Amino acid sequence: MLAVSSSDAGRWRVLHVRGEIDMATSPTLRQEIIGQIGAGHRNLVVDLAGVDFVDSTGLGVLIGGLKRTRSQGGDMRLSGVTGQLSRVFELTGLDDVFTVIDADQPDGVVGAQP
Amino acid sequence: MLAVSSSDAGRWRVLHVRGEIDMATSPTLRQEIIGQIGAGHRNLVVDLAGVDFVDSTGLGVLIGGLKRTRSQGGDMRLSGVTGQLSRVFELTGLDDVFTVIDADQPDGVVGAQP
Amino acid sequence: MTSGINLVIPAQPEYLSLVRAVVAAAAALDPGLGDDRIEDLRIAVSEATTNAIEAHANLGSRERITIRCDLADDRIEVEVEDHADPGFEAGELDSPGPLDRPGRLEYEGGMGIPLMRVLADEMKIRSLDHGTAVQLVVYASGPSKD
Amino acid sequence: MTSGINLVIPAQPEYLSLVRAVVAAAAALDPGLGDDRIEDLRIAVSEATTNAIEAHANLGSRERITIRCDLADDRIEVEVEDHADPGFEAGELDSPGPLDRPGRLEYEGGMGIPLMRVLADEMKIRSLDHGTAVQLVVYASGPSKD
């Protein structure tokens, strides 16, 4: 099960993801990211606070999103990376690739780094 | 997993049960009930508020406890019977056999019906 | 059976909660099955597996128990197959006492099969060459068994 | 293998969460395995099963995937066996790229096998006659793989 809702924080479009991101659900997230970029939202925050599992398929979708936003002159950041997520981000070296922002102060941090 | 702790409410000994009561765990509950009766506690309340599953083996242990306390001139009552538990109690007719007391006011109801 | 799940477990009670978790997860894949019916199936399968474990224990058998979940469009079928031989005694199946027969509550056992019968929409017990198969069916749009 | 659990699932991604739940529940029966190691095993088995499902999908195969959990005193072994034939291409197994090789992050895939390698204490891939078996071992008192 995966559910995605969205909200705005300044120039950032925030996608709030809930559930597990694996081979079954990652196409939903990919479509959502592509749809947002297509609708003109080149600056995305993917809020993973409601996600308790991400597999390599899900990591691939996040990498793809990062590359897509950047190729449009935008950017993608993550928040809510804890537990199992921080473990796989660390093991794959993705913690160095993604800008992970503090879930408690998303606006502040996001606003401070345009 | 099954965990049992106990407390006193007037003349009643209250067993607070947590976990699932099935073939794997019901021997623990049976031993606990027998031990309490052996230690002189003939009036027992089994608080099932922390239990989310009871199978027929568990129901059998509760019936056994009721009979054992009564054969010693005591009694056994239940509290916290909700969800899956109320379904199996209803289907087996045990809701008519056991006195189920309100978990919110255990002392009051227990004290009122010596 | 290509849309089915099989689970094979040792005939030991500590695996019961795993069986319940698998059945609940399998049943949740059927969009037509409400939470109440999933719960009914979960209880019924737990009872059938308990009986199978008990039958193995009585015989000291170390063989394993198979739980097959078969999801069809309109129903979920679960079969619990054990290898405890001999299985049911002759006649035992003909008169499973109803839950409300007078005096039944004098006994601390004997509630498993009657519970399965009221919880499942269909329940069949088959004697195998070297064991027993209990089949439990719950229909997605089945009559509420309450 | 009498203390083992087998799970057979259709080669479809919606069964992945069930596989993770079963592996976690099986691993939890091993008192020597901490929550962190159970989590490592759960991720690794999920990756192996994902690859198996993908291999079946690529071939349009409708056969099922078997996940065997074998609990021993000092370790838990899980084997994921698929029936996607041919399995790995020759040579593919010899050079699984490490996670940190330069440019690897240019690709959105290729993280599954490296993740399994770092998460499990042992990982072996065997080509079968008609498929692939991936074996993952986590030791109860094994070296922390952090």
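Note that the chains are named A, B, C and D in the order they appear, and that numbering of residues resets to 1 at the start of each chain.
Convention: a contact is a pair of C-beta atoms (placed from the backbone, for glycine too) under 8 Å apart; a residue touches a chain by one contact, two chains touch by 3 or more.
Bear in mind the structure is a predicted one, so any value in this text is a computation, not a measurement.
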item	value
Identity of the chain that, by mean CA position, is farthest from subunit D	B
Subunit B-subunit C separation of Cα centroids, rounded to whole Å	26
Intercentroid distance (Cα basis), subunit D paired with subunit C, Å	30
Cα-centroid distance, subunit B relative to subunit D, in whole angstrom	43
Where subunit B touches two or more other chains at once, by residue number	none
Per-residue multi-chain contacts in subunit C, two or more chains	14, 17
Interchain contacts (touch definition) - all pairs	A-D, B-C, C-D
Complex interface listing, subunit D residues touching subunit A	13-14, 16-17, 20, 39-40, 43, 46-47, 50, 53-54, 99-100, 105, 107-109, 111-112, 114-115, 118-119
In the complex with subunit C, residue positions of subunit D that touch it	2-10, 14-15, 17-18, 21-22, 25-26, 29, 62-64
Contact set on subunit A toward subunit D in their complex	20, 22-24, 53, 55-57, 59-61, 63-64, 84, 87-88, 91-94, 97
